[in-house]
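Data block below; observations after.
Labels A, B, C and D are assigned to the chains in the order they are written; within every chain, residues are numbered from 1.
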Amino acid sequence: MDRFGYLVGLGDDALVAAQRLAEWTANAPELEEDVALANIALDQLGQARLLLSYAAEVEGAGRDEDSLAYQRGEREFRNCQLVELPNGDFAVTIAKLLFLATYQHGLYAALRSSTDRRLAAIAAKATKETAYHVEHAALWTRRLGDGTAVGHERMTAAVEQVWPYTHELFSDWVPHGLVAAGVAVAPGTLRADWLSTVESALAEATVPRPDDGWRPGGGRDGVHTEAMGYLLAELQYLHRIFPGAAW
Amino acid sequence: MDRFGYLVGLGDDALVAAQRLAEWTANAPELEEDVALANIALDQLGQARLLLSYAAEVEGAGRDEDSLAYQRGEREFRNCQLVELPNGDFAVTIAKLLFLATYQHGLYAALRSSTDRRLAAIAAKATKETAYHVEHAALWTRRLGDGTAVGHERMTAAVEQVWPYTHELFSDWVPHGLVAAGVAVAPGTLRADWLSTVESALAEATVPRPDDGWRPGGGRDGVHTEAMGYLLAELQYLHRIFPGAAW
Amino acid sequence: ADVEAHFAAVIAADQKIEPRDWMPEAYRKGLVRQIAQHAHSEIIGMQPEGNWLTRAPSLARKAILLAKVQDEAGHGLYLYAAAETLGVQRDELYRMLLSGRQKYSSIFNYPTVTWADVGAIGWLVDGAAIVNQVPLCRCSYGPYARAMIRICKEESFHQRQGFDILYTLARGTDEQRAMAQDAVDRWWYPSLAMFGPPDAESTHSARSMAWKIKRFSNDELRQKFVDMTVQQAGVLGLTLPDDALAYDAGSGHWRYTAPDFAELAEVIAGNGPCNRQRIDHRRRAYDDGAWVRESAAAYAAKRAREAVPA
Amino acid sequence: ADVEAHFAAVIAADQKIEPRDWMPEAYRKGLVRQIAQHAHSEIIGMQPEGNWLTRAPSLARKAILLAKVQDEAGHGLYLYAAAETLGVQRDELYRMLLSGRQKYSSIFNYPTVTWADVGAIGWLVDGAAIVNQVPLCRCSYGPYARAMIRICKEESFHQRQGFDILYTLARGTDEQRAMAQDAVDRWWYPSLAMFGPPDAESTHSARSMAWKIKRFSNDELRQKFVDMTVQQAGVLGLTLPDDALAYDAGSGHWRYTAPDFAELAEVIAGNGPCNRQRIDHRRRAYDDGAWVRESAAAYAAKRAREAVPA
């Protein structure tokens, strides 16, 4: 795991999140939300493209964003499992987004001062974008959690279901050398701020903060949930049929 | 469209039906039904393999059952749209199976006297198998249609939903030359018996026989419903990644 | 009456009727029907292309397609807003879509079978839409005209993107080229049918013309589309599936085979390949989202109560 | 008492206890628990392999896998039937599975990440199951012993199929070979853990041995599995992920690194990668199927009433 692996990890988080969010298009509870989720998906996809393109350059093996996205096997994907979980109902999607975007926002804000200037520039753009994602998710968390009884019940269940997967966000997967060199951020250092943002978002939404217990992981080592294979089959199928074709 | 195309059409019906039925495994309403649906899927898959292998031999272009199943594009698949429709609830699956198996049973029974001896032998085996499929589907049609009010409502809705797709089974897609040569059966000649079996199965289940109206089609020309692309992505993904590998 | 005279004068002067102006009830009703149908078409139109979002073959194409489908949702929103200026509610219109009492463009009742269909929709379907819609930018009803100006700009962007997809495929591998040609073969006649029945059989048209909602007849617009598209097909190096296509030097137009209007009538009647699927999809999204909308409304009501000083 | 003496005599003579025979309550309860857990394992075990049914890379492999998963459902049915001879109902056991009050084998709480995992499950997991189960064919309770004879035959078939998948991959492309090795690397220790905690910490074992339900200790069986598997790995040309593997000429056994029993305890406690997914899956199937079972029961009741002469 080196700078390439680090960039790919961040890029895969964004790519897989974008893929899941795009599944909502034409399926959202209201038109405004079709627009909003597509917007967020576009931001995440944009971040993925910048990160994977840069990773490919760093690698210097002639790959590009598309060969990384479309021609790696499941075991080579480095995203956290949180992003690959199926969308579930709207509350599950909002819980996933709240947890992911809050993590990404803290991460990118810190990476703005990365010694890797290219990464710092990507992070600067992404910090602004993810601020909106956090706000949007937090608003919906309140609307669902502090709206009707059904909304509250579903939002609470969603937060409980997704919570265990947040631990992986802060796992110690980033090479210490990269952190020491000021290129990367040690994920564990992001958790305190993350918790404070998330806990207050949940509190405002009257949704209980789950206990920490089960801590699934493995995504950073390319061991994914069984949902991932189906996601990749859909994502990659067409590209894989015609290797080397331009689109 | 020639003998190859005819065999592929029948083989694709069975292959896609098997794929959909296999999706039920570990999802059926009771264990006995997990076993039964897997059994039927295995029969359909077996028929598909015999038909596609034979088609590949007839073609004589060095293809085999796997290259036909895994390396054709969506536009080259010749199955009727009925089989590719998503499984829906259990009632939709049963409606699809009742209509398909009744059609296949009549078809294979007739093909036992095909002048193509290899096809006649395949048909002889398949006639026995599909007789069980019809019986199984008809029994469940009664259990759902003539059981609880909910069962009746769902079975009725399922039959209405699937009925339009049955017209394609009897469309005039088989080359007249093949029929004249006694190799193939003209699909239209199978409808009277099909209707009589299906109508009595529905009557026994107290499920109304829908009116004939909308007649979707196109599967025999390789124009499929939007569900087909996802089915093929799942079916073919792994095989396509490693072209030419043995498994 | 004064108001009638004012209305007639505004129309005659090619100026805009605005929401507060008096207008004939038939003008209002006709516009509501037309704008709603247009809005519904944008919303339903998200589905055939949305079908390829998770499967787009490059990240760049995925981003472009996602932005496009998002634009369609946005167009739907502007158009519902324009309709609301005529005294109807979006939710009411939306329920008329779901119950089948209002229509949407029949073109969206065809499936997107391959990736090339995304290109063909952009090039042909959006192309036809633009030909239909550019004159609406000068339509006599102000809010509709202004919405159309914004929409047309985005649509022409979409059309170029569709053209670009096909252009790339047509210059790609043999399979890609065949995929592009196949898509054009399937989308050509449905696109021609988008202009509606031939003039002789067209209802609504005469009055719409008089009121300057509609500016050209169905057949005039169709011809314009054919003339434009034949040129572009040449650039693409793809063939339009009509052996009768021939340039008529006398008129300066291309002669073409008319689409099968009986098929169009069938699709409009509900018997296209995807009519049921499209509406079922929207109904499912609407029903599945009911608890979400209800919870958001309850939340908003709580906040509103809190905002009232005690 | 007579019955107790009879029971002891049957056990001592290595004969079978049958459902109508008297048996100690603890014997009965222990058997119910064990057979139910075994049945549940078959049912939950359908999921990890079922995950590859729609994606199997050849039609022949798809057919074999489908037949295998079907066999597992069948095994579940025999085993529930064996448990029912002890005076419990399948539905009751099934609900204990769904509510988490009864367990299933923890091995099924790992995901099948690649196609090679299907091979590794067949080779290692079914291999370990066979080592565990062959002695059960001689177990003192007749119905269980007879069910196990049938099951073991099929399991050894499954194990050969798994071996064959890996054999083919190991002789395939570089990527296929890597896929096979990766699967073995991930499934080796979980398979070793299938034999349960080390003998020193094993509960239930002593009494099970006395009653001739269990015939060998956990560590004896684990050793047997290691010895067998090392040989087969050599044939496959794949490496078992244990640097400490070494033949001990003195004992005639292979020394190996014990699995991480703390991890096993975590998985048993519910914190394996797929525990929630597996149970949620079964609950969903059960709940979604409720209306179907109810309708079938109502239909059967109607038919039964009709069969009674008026």
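The definition used in the following text is that a residue touches a chain if its C-beta (ideal position, glycine included) is under 8 Å from a C-beta of that chain, and two chains touch if they have at least 3 such contacts.
Nothing here was measured: the structure is a model prediction, and the numbers come from that model.
Two chain pairs, A-C and A-D, are weighed by contacting C-beta pairs, with A-C ahead. Rounded to a whole number, the gap between the C-alpha centres of chain A and chain D is 37 angstrom.
Per-chain Cα centroids separate chain C from chain D by 58 Å.
Chain A and chain B have Cα centroids separated by 41 Å. In chain B, the residues that reach two or more other chains under the touch definition are 73, 233-234, 237-238.
Residue numbers of chain D whose C-beta contacts span two or more other chains: 55, 175. Taken as a graph of touching chains, this assembly fits none of the simple shapes: it is neither a line, a ring, a star nor a complete graph.
Touching chain pairs in this entry, ordered by label, are A-B, A-C, A-D, B-C, B-D. Taken in their complex, chain B has these residues touching chain A: 73, 230, 232-234, 236-238, 240-241.
The part of chain A that touches chain C in the complex is made up of residues 15, 19, 22-23, 25-35, 38-39, 41-42, 45-46, 48-49, 52, 65-66, 69-70, 89-90, 140, 142-144, 146-148, 150-152, 154, 234-235, 237-239, 242, 245-247. Of all the residues in chain D, the ones that touch chain A in their complex are 48, 51, 55, 111-114, 175, 182, 186, 270-271, 273-274, 276-277. Contact residues of chain A toward chain D in the complex are 73-75, 213-216, 218, 223-226, 229, 233.
Against chain B, the residues of chain D that register as touching in their complex are 43, 46-47, 50, 53-63, 66-67, 69-70, 73-74, 76-77, 80, 115, 165, 168-169, 172-173, 175-176, 281, 284-285, 288-300, 302.
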